[in-house]
Amino acid sequence: MSQIITFGEVLMRLSPFGNKKFIQANTLEFYFGGTEVNVGLSIAHLGGKVKHITAISDDFIGDTAIAHLNKFDMDTSAIVRSNRPLGVYFLEVGAVMRPSSISYNRSHSAFSQIEPSMVDWEKALHKGHWFHWTGITPALTQGAFDTLKAGLKLAKEKGMQVSADPTYRSGLWKYGVEAKDALTELLHCSTVFIGGVNEINEVLGTDYGYTNEEFIEASKKLMEAFPTINKVFDKIRTSINASWHKIRARMWNGTEFRETQDFEITHIVDRIGTGDAFAAGLIYGLQHYDDFKSMQFASAACALKHTYAGDVNYATTDEVQRILDGNVTGRFNR
Amino acid sequence: MSQIITFGEVLMRLSPFGNKKFIQANTLEFYFGGTEVNVGLSIAHLGGKVKHITAISDDFIGDTAIAHLNKFDMDTSAIVRSNRPLGVYFLEVGAVMRPSSISYNRSHSAFSQIEPSMVDWEKALHKGHWFHWTGITPALTQGAFDTLKAGLKLAKEKGMQVSADPTYRSGLWKYGVEAKDALTELLHCSTVFIGGVNEINEVLGTDYGYTNEEFIEASKKLMEAFPTINKVFDKIRTSINASWHKIRARMWNGTEFRETQDFEITHIVDRIGTGDAFAAGLIYGLQHYDDFKSMQFASAACALKHTYAGDVNYATTDEVQRILDGNVTGRFNR
Amino acid sequence: MSQIITFGEVLMRLSPFGNKKFIQANTLEFYFGGTEVNVGLSIAHLGGKVKHITAISDDFIGDTAIAHLNKFDMDTSAIVRSNRPLGVYFLEVGAVMRPSSISYNRSHSAFSQIEPSMVDWEKALHKGHWFHWTGITPALTQGAFDTLKAGLKLAKEKGMQVSADPTYRSGLWKYGVEAKDALTELLHCSTVFIGGVNEINEVLGTDYGYTNEEFIEASKKLMEAFPTINKVFDKIRTSINASWHKIRARMWNGTEFRETQDFEITHIVDRIGTGDAFAAGLIYGLQHYDDFKSMQFASAACALKHTYAGDVNYATTDEVQRILDGNVTGRFNR
Amino acid sequence: MSQIITFGEVLMRLSPFGNKKFIQANTLEFYFGGTEVNVGLSIAHLGGKVKHITAISDDFIGDTAIAHLNKFDMDTSAIVRSNRPLGVYFLEVGAVMRPSSISYNRSHSAFSQIEPSMVDWEKALHKGHWFHWTGITPALTQGAFDTLKAGLKLAKEKGMQVSADPTYRSGLWKYGVEAKDALTELLHCSTVFIGGVNEINEVLGTDYGYTNEEFIEASKKLMEAFPTINKVFDKIRTSINASWHKIRARMWNGTEFRETQDFEITHIVDRIGTGDAFAAGLIYGLQHYDDFKSMQFASAACALKHTYAGDVNYATTDEVQRILDGNVTGRFNR
Amino acid sequence: MSQIITFGEVLMRLSPFGNKKFIQANTLEFYFGGTEVNVGLSIAHLGGKVKHITAISDDFIGDTAIAHLNKFDMDTSAIVRSNRPLGVYFLEVGAVMRPSSISYNRSHSAFSQIEPSMVDWEKALHKGHWFHWTGITPALTQGAFDTLKAGLKLAKEKGMQVSADPTYRSGLWKYGVEAKDALTELLHCSTVFIGGVNEINEVLGTDYGYTNEEFIEASKKLMEAFPTINKVFDKIRTSINASWHKIRARMWNGTEFRETQDFEITHIVDRIGTGDAFAAGLIYGLQHYDDFKSMQFASAACALKHTYAGDVNYATTDEVQRILDGNVTGRFNR
Amino acid sequence: MSQIITFGEVLMRLSPFGNKKFIQANTLEFYFGGTEVNVGLSIAHLGGKVKHITAISDDFIGDTAIAHLNKFDMDTSAIVRSNRPLGVYFLEVGAVMRPSSISYNRSHSAFSQIEPSMVDWEKALHKGHWFHWTGITPALTQGAFDTLKAGLKLAKEKGMQVSADPTYRSGLWKYGVEAKDALTELLHCSTVFIGGVNEINEVLGTDYGYTNEEFIEASKKLMEAFPTINKVFDKIRTSINASWHKIRARMWNGTEFRETQDFEITHIVDRIGTGDAFAAGLIYGLQHYDDFKSMQFASAACALKHTYAGDVNYATTDEVQRILDGNVTGRFNR
C-alpha cells in the first residue's frame, strides 16, 4: 500500500498540569510533537499509511519517542539515530486573555545536525505517493533545508503529490538563507499549497488583503509563479480569547472558489497541533473525496483537535464525519 | 422513619483524567454509578432515607462499592453478594463538538444473574413508602425484569408511591422481551411518570409532537391507559454543545400544566447522572413540596449536578434552594 | 531601595483538585494566601520591593510558608515566629451556578495572638515608603487591631503613603470592637481608599447608590470626613455565573472622574485573590503611572489573575501591559 | 447487637505524597484519624459494631469526616456538631534514619470545647457492652477529661468491659490537671490495661525494668492498686530504623504469662495508627478468642497495619488469620 | 525474519497508586497484560520479532490495548476483534506480610469466546519458528483449549520449537476438562518445559520432592513420557516477604544439570509478570546462547523485572548482561 | 554576615514518578540541581548565608530556577541571564540491581557560554569568606574553566577558604584541556580537599590503594604537592544494591587520622545530590565545629539526604545532630 511521507523534527513537549505556570508547578506532562510528525500521526490515526523521516537521539528519550510513533503504527524504519539530544520545548498553557508561552531548546538537537547524506531518499520514498513538508524545517539549519530539498526533488521526479505548508515564523531562519529564496525553491516541487494571503505575500513579495476576491487573485498569481501548484487551501482562525476560537476555511483550485461554515470552539482543551490537524485532514481527505469535501473534512478535523490534549489529533474518520453531518452538540456515544 | 427504595445495577465507572482519550492516558479515576443508585444516593445526600437493592460482587471491588454507598448513610442491608464480577463501564469525556463515548462490560456481571428468589421483597420493603424504578433494569435480563416486577407488585399491594423513569435505550432489550410489553406491565404498578412525549409514544404507540399542547394531550392519554398514574414530569435538555446545555421542565398532574424557567449551564463539569439528579430532586421534593415547587426543585438540582464530577449529585437542599431563590451567579459562600 | 509594607495573616489554603467536593476527594492542593500577603506577593512578582509583617507558626508548616514568600524575593526578616499553628482555610471550588465554599480554621492561629509589643515598627518601617492594610486584620482580634494601629500611626508620622482596602465582612468583628469605629480610626492614617459606595456607606453611615454620580458624591463626602484621603478607586464585578465574570473600575481623585472599559473573563480558573490583584496593580501602578493609567493597569491585572491558580497574581508587568494594548485574544507567545 | 463504644477527637491528617517534605510539595493527601476513632474504625473493618462519640465541625469538612466514618458502617448518630473547626495535623513521613514529624492544630478545635452536658451518655451507651479510652483525651482539656469521666462512670455502673490505653505524652496535659491523678481516676473504671512498664511506672510512681519478670511484678502491683483491672497487654516495638521495625507482645492475666513471636516489618508503608491497630485487634479478639489468641491476633493486626497507608487498619479477620497461620511471605491471593 | 508466536488473553490491569487498597483510593493506573502477551512483549523489548494472537474487544479499550502492543513493535495483524468486552483484572498491591490480591472479570470477555474457526493458523504461523504457550489458556474455556491445540499441532507439523509453561492454577479449569488430560495432549507438541517438580507431579501423577536429585529424576521421567521434550528449566522463588524475594533456576537438558546463583531482590517494585520475564528471557536466550547461559540470562531478566512497574519486562539485553557481569550494585549509568 | 560562594551550572532535572521508565510514563517531576548549587542550597537550608553564581536562561524556565533558589533565601543577585536555554537532564530511577540512568542535554546551555568577562568577581566575592568548587565546572568548557580560575585566584588573594571537590568524570573534559592540568592549577588555590585516593591518584599520577595507611600516605603527598591544602576528607560509599547503601568517611588534617562509624541507608529514596550533601555538611560544619565533628556532621547529613526526593538536602542542623546523638531509629517528632 502506498505511503504518505512526512519529514521534520520530533520534539518533546513539557507542560505543567492544567493551567499552571512553571513557577507554580512541580509536576509536568510530556508529549511528543513537531509540526510535520503531528500531521503524520494525525493521518495515521485517521487510517492512512504514513512514514516519518527524522533524526532522533540514541538514548532512552529517543526510544520513547519512537515507541510513541510505533503506537500509531507509523513506519519508523527510516529514522536516523544520533548522539545529540532530542529537542525539547516548554509550554505554559494560558486561558482567556492570558496567552500561552513557549520556550524552545532545539538549536543543537539531534535533528539540527541532519545532512543530506544521512537519508537514503530512494529507499525512503520507495512506496511513497505523497510528501508533506512545512516551512519550519528549512528555517532551522542549512542541513535541514538541503535534506528536505533532496527529498522533494526526488518526489517531483517520481511524480508524487507534494503538499506545502510554508508557515512563516520570523523567530527562525537565522542560519543565513533568506526565507523567500528557500521557500521559492521548495514550492517549485509542490502541488498543493496550504496557506493564505500572508504566506503568498511572503513568497511573492505582494500585499494582497484578506477578502475572498483578493484571496482568489493571490492564489491565481501563485499558480502562475509556481505552475506545479494546482490547489490553494486557506484555514482562517478568529480568536475571541485564548479559550474560545472560530475556524473556517476557503479554497481556490484553479476553477472553483468554496468556503466552509464556521466551526466554533467555545472551550478549548489544547491549541497545539490544530493547524497540523487541518493539514492532516486535508491530505487524508484528498485521497478519498473531492476538493470541497476534503476541505470540510479538514476543517472539522481541525475543530475537533482543539478538544484533545496533546499534539496529535485523536479524532477518527467517523468522528470527523459526525461533525460534518451536523452533530456538533456533543451528545453521548453509547 | 419510612424509606425510599431503589433497585438496579451498580457499575464501576472508569475514566482518564480531564478530557483525555484512553489511548493517551495511563491513569484513571473511578466512581460507582448506575441510574437507580444515582437517584438513591442523590436523595440520600439531600437528606432522605434510602435503601438500595442490588447484587454486587463478593470481592474487594464489591466491598469498595458498598463502602461508597455507606458513605452516604444508605441502607445496604438488603444487597445480595455474588461470585460474578461487578459490571464496569469506561467513559471518555468529550468537549464542545466532541461527544463523550461509553463502552459497557456488564453483560455477565453480578447483577445480570439476579432472580426473584434472591430478593426477599417482604423484608426489603418493610419500612418503604416509595419505590423508584427505571427502564434500564427490565431491559437487561429476564431475571432482572422478573425481580423488579415482583417488587413492584408488592409495592402496589402495600399502597406505596411508585415513580417510573421508563428511559428507552435501543441498544439494550436483547433477551427476547419487547420493551413496550414489559414497560406496560410495570407502569400499571406506577403512580408518577418521569418522561416526555418520546417515552409516552414508545409505550402507547402514538406519535405526539413536542409542543406543550401535545405534551398535555399525550399525558392525558397516558393516564387513561394507566389509571394508577396521576402525574407526568418532563425534563427538556437543549444542547448547545457538549460543554454548554440548557435545562427546563414541564408537568401535567391531571389538573394543571406548569413550566419552569430555563437553567443554563455554560461550563459543564460532568454530564453523567444529571437525569438521575432530576428524578432524585423530584422524589425528594414530592415528600415536602407541592407539584410545581417539586419540579422546580428537581430542575435546579439537575442543573447543579452538571457542576459535580462523578455520578452522584452532591448538592444539598440548601444549595438547590439558593438556585431557586435566583442566586445563579455563583458568589462565594463564606 | 524603598519598600512597600504589608501586614496581615498568612493562611494555608487547601482544596481538592479540579472542581471536586471534599467528600469526593482524597488529595488536596495547597497554597499560601491571605488578603494582605496576596497584595504583597503580587506586587513583588510585578517587580516591587515588598516586606511582609506577620506572625507564623514555628514548625515545618511555618518554614514552608516563609519559603513560599522567599520564592518571590519578599523581605521576610520582620516575621514573628509563634508556637501557635498557622491558620488554615478549606476551599471547595464551584462552577457555573454552584458557588465556591470556604471554611476557616484561624481563630487561634499564630497571627491571632499578635500584640503590639511583638512588632518593632520603627525597625520594620525603616526603609518603607508605602503601607497597605485591609479591613480583615482589625476584624480579627483586639491585638491585631492594636498592632495595625501602631504601625499606621508611625507610617503617618513618617509621611508614608497608606492604601486602605476596608473590605467589610460581617462574619468577622466578633471580639467587641465596632467595625465602624475601628475603620474610622485607621482611615485617618490613610491616603488612598480602595473601595466603593458600600464601603463608604459602612464607614460614614450613609446610603449612596451605585450610579457614577452617587459614587462621586460619596467619594467627596469621604474626603471631607477623612482629609488625608485624596484618591478613591472602586472595582466593580458583574457575575454572570461562577465561571464567567466581568470586571471594570472607576475613580475619583478630587478633580477627575474616570472609568475603565469592561474586562470579560469567560472561563475563570481561580477566583481567589482577584481583588488583591487589583490592589496590588494599583499600588504598583501609582509608583510609575498617573492615576488613570494606574487604575487601568490594576483592572487588567485583576482580570488576568482570574486565569492563574492560587492566591497570587503571577502576571508580570509586560503581561498586564499587553492586555492594556488590546491583546486580549490570548495568542501564543513564542 | 451490642456495640463497642469509642470516644475521642477526630482529626484531619494532611501529608505530602511519598516521602516529600512540605517545603518541597504542593499537593497533599488527606485522611481522618485520632487514636480512639482509629481503634473504632479498625474494629468496624474487622466486622465489629462500633459507635464513636465526638464533636465535629458543622461545615463541609465535618460532613466529609462523618462520611468517612459512615463508609465503615460506624454508628455516627451520637456525634455532636460544633461551630469550631475540625482539628488538623500535618505529617511529614520520614525514611530510614529520618524521623517523621507531626505538627498539630487542635488546641481550639470542635472537640476542644466538649463538655459533659453535650453528650447524653445514657442514650449513647444504650446498646454498648465495651468502652475503649486512651490517655490522649483526658490530656487535652478539662472538658474532655470530665466528659470521658462521666461516660466511664456510667459504663462501670452498667458493668461494661472497659479497655484503657493510658499512652502518656508529655507535650499534652497543659490545662492544669496532673496526668497521674487523672489516669488513676479513670483506671478505677477499667478492666483491661493496654500498656507496658513505662505506663505502669507513670501511674504507680514505680520504676520497674523491662524484663519479663519485672513486667509480671508490675502487672501484679497494678492489679492490686486497681482491682477492677484483670488483664495487662504490652506491645513491644523494636525500631531498626524509620522504615524497618519489629513487633511482639506479652501479657499477664492474673494467672498466666504469655509472649508472641516477633513480627518483622522490613518495608514500612505507614507508621501512624499501628498502636491503635493493636488495641483494635485485642478488643475484637477478646470477643471471640481466649486471651493468648487475642494477643496474637492483635500483634498480627498491628504488624499488618504497617502495610496500609492512612490511620485505619484495613486488614480483615481473614487477612490477620492468615498471618497467624504462618503465611508471612506475602504470596498472591487470586 | 522468523517470528516467535504467543497466544493468549490480553487483560486490562487496574490498580490504585502505591500500596493503597481500593477502598481507600479514587484513582487508578492501568496496564495491559496476560501471561502469554507479557512473555511476547518482554521478548519484543529484548529485540525479538514477536506476533501475538488473541481476541480483543472492538471498542476504544481494544484500540488502546492494540496501541500498547504496537508500541513494542509487536505484530498485531492476526488479532481478532470481538463485540465482547476486554477482560479486566483488579490488583491490590501488598507489602511485607500483606499479600497482593487479584480479582478477575474475564469469564465472558472477548477472548472467552474464541473458537478454532476464528484463527487462520496457517497464515498466523507463516513466518513463525517458535511457539510459546502456558497452562492458563487451556484452563479458561473449551474454545480456548481447542484453538490452542489446533495451533500447537500445526506448529509441531512445521517442526517449530514449542515452549510450554504449564502453570497449574486450581481456581481455573472449570468448564469440564481435566487439567492433567489437557496438558498431556499439549505437552506432546512441546520441546521445552518451563516448570518444576510441582508441575511435573501434576502432569505425571508422581510426587517428587524438591532436591536437585529428585528434580533430575522427575525431569528424566517427564522426557520419557513426552519424548518431544528435551529441556526442563525450573525457576525457584524464595519469598522472605511480599517486598523481598530471592530467585534462582536449575535445568536438566538430558545430559547436564546446572544451577544459577541466587538473585536477591530486596525492594520489590512490582511482582506481576516476573515468571513471564523468566520465560521471555529463556526463549530469547535460546536463540542466541547455550542452555546454561540462556538460563542465567532468564534468571537475571526475571530478577530485573521486579524493579519495573507494569506487566512487561522493560529490561534490554544490555541491562540483563550487566547483571550477569556482576554489576548488581545498581551504580549510575551516565 | 560573611557568605559562602558557590559557582556552577544549574540544570533542570526531569524524571517519571516513582520507578517508572520514560517509555512507560507520561508525566514527569522536575527539580533544579547541579553539583555546586546543590552544595549551596544544602548549606543555605542548614542556615548558612550562600551566594550562587551561574548563567541561567532568560525565559520562564530561568525565572522558575531563580525562584527555586530564592526559596532557600540564597543570594541570586550575581546570576547572569542568557538567551541560551537552561541545561536539562533526564533521570530514570533504578531499584535494587537496576541502575539509574542519566541523559544530559547541557552542551549548548546558558552556562556553556559563560566567559570570565561575564562575572564581576570583585563584586561577587565582596562579602565572601569561603569558595566551593568542583571538578564538573572546569570539565565543561574553556570558558567555564577560565571563569572559575579567575574567581579562585581572587579568592586566594583575599585569603578565603577554598574547598575543592575534584570529582573526576571521564565522560566530560572534551574541549581540549587535560583534566590533570586544569585541576592542578585550581588546587593550588584550595585549602580543603574533598576526595579520596582515586582523586589524589588522578591529580598526582600515583596509584595508592584503599587502606587507611595508603590514604594517609596519599594525603601527605597531596599536601606536599599543594601546600595550600591542609585537610583531606574522604567519603566512602558501599553499595549493596541501588536501594541499599552504606556511608562512612575518613580524614587526614596533617596531624590526625579519624574515621566515622558506618551509616546504613536500607531504603534509599533519592541518590542524587548525596555527595553534595556531604560537602555541604562539611563546609557548614567547619564554620562551627572541629575537624572530626565536622566530618561526622557531614556524614550524617549525607546519609539523611538519601531520604529526601530531589537534589537538595532538606535536613536541618537539628535533624543532623539527632542522627549524631544516635537517634537513627526514626522515631516520631511530635
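We just call them A, B, C, D, E and F in the order they show up, numbering each chain from 1.
Just so we're on the same page, a contact is a pair of C-beta atoms (placed from the backbone, for glycine too) under 8 Å apart; a residue touches a chain by one contact, two chains touch by 3 or more.
Not measured: the values here are computed from a predicted model.
Novice: Measuring between mean CA coordinates, which chain is farthest from subunit E?
Specialist: Farthest chain from subunit E, going by C-alpha centroids: C.
Novice: Same or different interface residues for subunit A and subunit B, judged by whether over half of the residue numbers are used by both?
Specialist: Shared-number fraction below one half, so different.
Novice: If you tally the C-beta contacts, which comes out ahead, E-F or C-F?
Specialist: Result of the comparison of E-F and C-F: E-F.
Novice: Compare the contact pairs of C-D with each of C-E, B-E or A-E and report the one sharing over half of them by residue number.
Specialist: Within C-E, B-E or A-E, the interface duplicating C-D belongs to B-E.
Novice: Farthest chain from subunit B, going by the mean of C-alpha atoms per chain?
Specialist: The chain farthest from subunit B, judged by C-alpha centres, is F.
Novice: Using the average of all C-alpha atoms in each chain as its centre, how far is it in Å between subunit D and subunit E?
Specialist: 45
Novice: For subunit F, jot down the residues that touch at least 2 other chains.
Specialist: Touching at least two other chains: 21, 23-26, 67, 71, 101, 104, 267.
Novice: What does subunit E use to touch subunit F in their complex?
Specialist: Checking each residue of subunit E against subunit F gives 71, 263-269, 303-304, 306-310, 314-315, 319, 322-323, 327-334.
Novice: Can you check the complex and tell me which residues of subunit B touch subunit A?
Specialist: Touch list, subunit B to subunit A: 18-21, 23-24, 94-102, 169, 171, 239-244, 267, 271.
Novice: Which stretch or stretches of subunit B touch subunit E in the complex?
Specialist: 14, 17, 21-23, 25-31, 57, 59-61, 63-64, 67, 84-86, 88, 90, 92, 101, 103-105, 107-108
Novice: Which stretch or stretches of subunit B touch subunit D in the complex?
Specialist: 67-68, 70-73
Novice: Which residues of subunit E touch subunit C in the complex?
Specialist: 24-26
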